[in-house]
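Note that the chains are named A, B, C, D and E in the order they appear, and that numbering of residues resets to 1 at the start of each chain.
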Amino acid sequence: MTALLQATGLAKTYATRRTAFRAASSVAAVAGVDLLLPEGGALGLVGESGCGKSTLARLLLRLVPVSDGRISFEGRDITDLAESALRPLRRRMQLIHQNPSAALDPRLTVAASVAEPLRIHGLDLSRLPELLAEVGLPAEMLHRHPHELSGGQKQRVCIARALALEPRLLVLDEPTSALDVSVQAQVLELLAGLRARRGLSYLFISHNLAVVRQVCDRVAVMYLGRIVEEGASAEVLGAPLHPYTRALLASVPRLGAGGVVARGEPPNPAAPPPGCPFHPRCPMAEERCRAGTAPLLREVARGRRVACHLVGGHLVG
Amino acid sequence: MTALLEIEEYRLAFDSFDGSAAVLDGIDLTIEAGSTLGIVGESGCGKSVLARSLLGLNPSPPARVASGQIRFEGRDLLTLRPAAMRALRGRRIAMIFQDPASYLNPVLSIATQMEDAIRGQDAAAGGAVRARRAARAHAHSLLGSVGLPDPARLLASYPHQLSGGMRQRVLIAMALAGDPTLLVADEPTTALDVTVQAQVLALIAELVRDRGLTLMLISHDLGVIAAACARIVVMYAGTVVEDAPTRALLEHPLHPYAQGLIAAVPDLDRPEITPRGIPGSIPSLLSPPSGCRFHPRCDRATARCAAEKPLLRELLPGRRVACHHATP
Amino acid sequence: MILPRRLRLAIFLLTRSFASMLGIVLVTVILGLALLGPVIVPYPDHVAGGIDLANKLQSPSAAHWFGTDEVGHDILTRVIIGARLSLLVGIGITLAAAAIGVPLGILAGLVGGPVREAIMRLTDLFLSVPGLVLAIALVAALGPGIVNAMIALILVWWPGYVRLADSKALSIRAEPYIEAARVAGAPTFRILWRHVLPNSLSPLIVKMSMDVGQAILAVASLGFLGLGAKPPTPEWGAMISIARGYLPEWWWYAVYPGAFIYAAVLGFNLLGDGLRDILDPRSHRG
Amino acid sequence: MDRGLTLYLARRIGLAGLMLFGLICLTFVISNVAPSDPAALAAGPDAGRSQIEQARREYGLDKPLPEQFLRYVGDLAQGEFGRSIATGRSVGTDLLRYLPATLELCILAMLIGVLVGVPLGVLSAVLKDGPIDHVTRIFAVSGIAMPPFWFGLLLQLAFATGLGWLPTSGRLSVMTLPPDPITGLMLVDAVLRGQWDVFREGLSYIILPAIVLSFPCLASILRVNRGEMVETLRADYITAARAHGVTPWRMICVHALRNAMLPTLAIIGLRWGWMMSSTVLVETVFDWPGIGLYAVSSAIAGDFKPVMGVTLIVGLNFMIASLIVDLLYGVLDPRLREG
Amino acid sequence: ERDGAKKVMVFSGNQAVPVLDPHMRYDWSTRMIQQSVYDGLLKYVGSPPQIVPWLAESYDTSPDGLTYTFHLAANAKFHDGSPVDAEAVRFSFERALKMNAGIAWMLKDFLKPEKIVAVDARTVRFTLEAAFSPFISYVPWWYIVNPALVKANEVDGDLGRKWMTENGAGSGPFKLRRFDGNALIHLDTAPGYWKGWPMGEEKRLGGVIYRIIRESAPRKAALQRREVDIITNITPDDIGQLERLPGVKIENHPGFTTFGIKFNTKEGPTADVNLRKAIAYAFDYDSLITIHNGAATLMTSPFPASMAGHIDVPNIPRKDLAKAREYLSRSAYPNGGIELEYVHVQGLEDPRRIGLALLDSLRALNISVNIVGQPWTTMVSRGSKPDTAPNMTSIYVTPVGTDPDTVAYQYHRESWGLYYGMSHYDNPEVWQMISTARAETDTARRMALYAEIQRRIVDDQPEIFGMVANRLWSMRDYVKGFAFSPVRFTGEVDLYPMWIEG
């Protein structure tokens, strides 16, 4: 397995401008992420709102300027590539947005939207009907405008548009969270089929653990801009090590309701707590969690990494 | 147990340029006092419209009640005069909403908003309106009762200074201001993170238990409903398709739509089962399908389904279903 | 099949509103007068400068519906021909201002950084002097005349378009479909041309419709101050300016041109309002 | 005042200073593209060549343009606006004399605009699509479409000439002495000095121009306020307030209006800036001795120093207004106050 | 209006009085106030204008025309009570010459400050650099200021200029009470005015208010409502309306202000005398009269009719299309087809209308006219050079004195580039005659020269000789003592002899 996409120490800091009543501040949306997506793999990225999932996805695609760290794609460092040099690479890495309604230009028909990437790269337009068929859209949809489609159909159009360039990597930023469950299942089926047929690699972002478990073979859990646990999805979601992962799993509503593990809510990323960022909400927090720097992401077992002081060797083996 | 709320043959349409959309098409359901009822259904099936109907909050026009009755404590809400409806809001029926961020007024302090709600309740009750100071004291205690620390500081703050969970708790506290009997919660946790969602659901469960509230909880997340409600009503395109106790529904759904819905939810604990989607998408309510509204997506549909609207019938004790083909 | 629906919706929204209908009627009438003016006016000679001192300052009559002015010109004739000028000038100013302002604004909003800062500061500078005063200064300096008045007004008008286009571009830039275009590898110019511009068009059209009215008003204002069109060009504001000396006895002289300015500006503003109702997706709700 | 606010103010004021400088450059350029010879104006109609040359020297018009510019900027820094070429009077003194009259007019017009515009906007929004709403909307568009000079003439025709209820023009009748200035605003001074008959008379003079000046402003306020109220009344938090049983009166006047007032405030600020320039027309019609009239008569005479002075004052006024609006926004909108 | 026991007369016009200083500037409104606050050595009165003694009881002229000696009245005193003595006269003339503004142009080439001598307290002697016959005709406009007051208010050697802008330092019949040059000027009658009052102490006014109302409609309305007693700047079209008002009368007098359309005789098509003649014959002169509702008279010479030395030049053009076409055919543009620019002062109504009449007239010659209103400054600076001067410029000129030289000199080489010299009239023979005439002391010979000058100018047609418009005032019938004098400017009246009856 070779690495299709790799990030080391990736960080993004947003600075906010000062206004009359607010001082300038900075938000570390992503704070040092190491990540590896093998060719043909599907990596899930989970975490609460605002933890930096989308920012990370955009960093990896070089859609926002990188503050720190390196990104390599197909073994080539793309961190400092200029937009023009990046353009040919873009064909092989595509993005699917959370909200399909907003991701389609309201003035373009389905045909125009899907043809747009082909036109940009000067490719053959005749594949259009084929593309639509692949995502399960009838050809009569070609001349419709986005507002005449249902949510699921719009998301299919987005997927068709991304596939048009025959990418190797698909970054999916919560592709189903705007959809109904019945439609979500349809889209997940489609994604699974595509991956099997085309050998695509997925970076799949979601806050729905069950969906991630369905789609991905590996999962990374993010908290406040950091990855706190990473490993094979069956292991991470079946036997979580990090207290945060456990809290997440325990919070998923099920018949009869489980116990509440995490107190409070995600802290403001503009003023992250010292020490382990999770400590204020952690039921197991100790003195050492409250001070010093955030615990590092360590390999605690083969293919399993956790960033927690409390997870030690005793779990290994 | 007595019925607190009875909805009978309730039809409501929204008029627009494109025609009239039959958004609610003969809703029939009953909530017993002190019970918990969940309503699930895909987006746009009319859950929120139904909830808002209980408080007379649907804007009219475009909303138009076509027929039916909504009896609350024996009185028909649809024929109430605006003043009487106002007196009911918050005092007998309270509501909490989906997105706490947009349901709090961004430019007024929490104190002002709570005081206004409390004093509004006083006015509606017809009694003396308490002074702002007294109202504030009451607000203080309400905030405490929804588990918010440091209510005094909270009262002085503005919505944007609170986190999502806190805002939803504030909204719940405001809903409690009139000491209502029925609490309508329209997707109260959809905008929240899972961890916070669990906390808020626990709070609602606690309030229902401690205050003996009747709860009508709306969600599109079966998990949420299952965790909080004893009975579930499944809606599809403005109709009730199934009404059953929670466990029975989850384990043995009778209506094809309910079956499809349950099969579409991925289960974290059983990843080996691949969720299956329901083919097609919800119909336009401007020109809904004839007969059973689900029939175009249903694999069991027959000519009868297209021709004849199935009635909601009691198939098993305590279980009602609207399908020509449902069998116990 | 769908376009007809949009068209039907547009017609529905327009006809539903009395105000929009009034706007359309007024604009149509003004346009009609502007187009047919030279053909339908009773005394075409009175526009070219022919004077008829024997008939000066007549009150409205069958021969002169709106009366005559101080050199015996038929006021009706001049007011109708004035529509042509006002309309040309109003549309000219608006188009020119938009042609300068929109590209700058979209550039600013899309590129950001120091370019945007520079453009916006310049815009702020022009916006900080309320237009009329600056226009007066300019016309006074360049000398009165319709062309100079237009130049002055274009100069004070373009920043409004920069503002609008910039804010539109800023908000569209944040739209996921722009990101999608970038992901597809679209160069900036293509994004601008294919996505940003078409999607900013609705508010621009609304603004332009209203601005035609406001530009007509501004030119008339300059004319009223004696800084507009030169005689014998029939310009509404200048006519009122002269007519003012003949108040109150010859009141109709001032009243008719003013009523035409009012009607024209009202028409374009109502039309703009109506267009907003059609083009604004929010109004589709109900 | 906290440090952040001070810094912000400093930045804003710095920016305003920069803009003011830009404005000075702009006006200077404009005043020098004119093909006229200011010296000839300065020397008077019958002046001979030597007198024109003397005037040229006296006003520094013989110096190269950059030097003239530096001199002008230097004078401005000392609060000197230069001398009017046509009259030889100090422009600064003249501005000081005419500004209060303009301010008084603008303040009254703004009061009318806000006090009528906001309630009408609320009423119109609450009764949306009703007959009152339709009338108000046409009224509002009329305010923007009505040429102020024509409206002024019509009002004069109706109320002054026709009915004879009000005087046509000017600020006070010939024999009435204005009160000794305290604030410079005549009506206020009259009240402060207890000269009620002067106050009443002043009011009868100011009312027509104030109405004309306020009309577009009133209309804008009305439109914006109505639009915002309609939006706000649709907002979720208003639904929530209704669900919580907040009384309708309080809901409209506090919950909704408070939100709708923010954009309304912005338009008020903007309109205040524009109003100063509309005075050019209104003061011309009503012979109101303010800076607008001063600017127009100077511009027509080709006398640019006063025009430059007025432009600067109007620009400065605009900048101050927008600064105040920004600060008020912060006060009214808690979201802007802190993180 | 009343002020205590006395009546106050309210006069309204359109023009502001920005600067009161009599040595700084003048125009009709300014000079009206100056004339009221200040006295001159002599004064113009009546129609035709006469020069009468004022501060000077008499004056002598030396036979060579170089020395003028003025003998001052004994009882003249300034408002502060100090006497108007020879030193005050000397000081005032010196101040005016030094300031070199306003009136200075009239005398500055002939009078040097050091040549003014206060011989004794009541005698001043002026010695001119060269003989200058018009000298006396200018003296009435040189007002005498109070040296003590001026010196007391002098700042940085400005000769009191700043202070004098809004303050009076005179000996005239009125003194300032309130000065707001853009709105209202309130004058009180000077108690015990040294010259006394023609209507008698009984009837004299308590004061005069000059109120500026810029627009004619409100001005007329104010008269109608008796808010003001007398107004000026009324249009001929107003006369009919005003006359019909009860209790309102009109003063309508032939004036002194000539209106002409100056050709650019050096550059452009109008350098061709035939074209000029063609235009002059094509022009519809009657329109000048119609535009003024009859309240104007056509000029029969470059000089206004009431000026000394005026003759009716026989062949002055009147509308005659045949002749016009004939001249045109002799010009470089026999078929017309050209456009000429006609410039007038922006905002002035009559020249604009006359422009329209010209435009209408010249259509017969296939010549089109571009009517341009420009600020005075622009117009003057354009006119200062032949290559920028417009083809045609409409100009009003009011001679400040009754001496024919005042008008004749406008056609002299020295006047080139000045506003009345926009035609750059080029005829050395005529120039020579003008120079000779102004130095000539023999009246008969002078007048003969001026007759010839008028004929020669008309031949050269440097302008269209237009008309002299009547001066119009409208007043309540209780206003008495109005005395017209054409030598004053358009709206200017002599307030001194006026009073209100009843």
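In the analysis below, a residue touches a chain if its C-beta (ideal position, glycine included) is under 8 Å from a C-beta of that chain, and two chains touch if they have at least 3 such contacts.
In this text, all values refer to a predicted model and were calculated from it rather than measured experimentally.
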Required steps from chain A to chain E (each step between touching chains, minimum): 2
Chain whose average C-alpha position is farthest from chain A's own: E
Distance between chain centroids, defined by C-alpha means - chain B, chain C (Å): 51
Gap in Å, rounded to a whole number, between the CA centres of chain D and chain C: 23
Intercentroid distance (Cα basis), chain B paired with chain A, Å: 32
Shared-contact residues (touching 2 or more other chains) in chain E: 215, 217, 221, 346-347, 374-375, 378
Multi-partner residues of chain A (at least 2 other chains): none
Chain D, residues touching no fewer than two other chains: 34-35, 156, 161, 284, 300, 302, 338
Complex contacts: residues of chain B adjacent to chain D: 52, 55, 57, 59, 86-87, 89-91, 94-95, 97, 99, 102-109, 112-113, 116-117, 119-121, 123-124, 158, 160-161, 171, 174-175, 177-178
Contacting residues of chain C [partner chain D, same complex]: 18-19, 22, 121-122, 124-125, 128-134, 136-143, 213-214, 217, 220-221, 224-227, 237, 240, 244, 247-248, 251, 254-255, 258, 261-262, 265-266, 269-270, 273
Partner chain A, residues of chain C touching it in the complex: 2, 175-177, 179-187, 190, 194-195, 198-199
Residue ranges of chain E touching chain C (in the complex, touch as defined): 215-217, 221, 235, 237-238, 241, 287, 290-291, 346-347, 349, 352-353, 355-357, 359-360, 363, 369-375, 378
Parts of chain A lying in touch with chain C, wherever the complex brings them together: 58, 61, 63, 86-88, 90-91, 93-95, 97-99, 102-107, 116-117, 120-121, 144-145, 148, 158, 161-162, 165
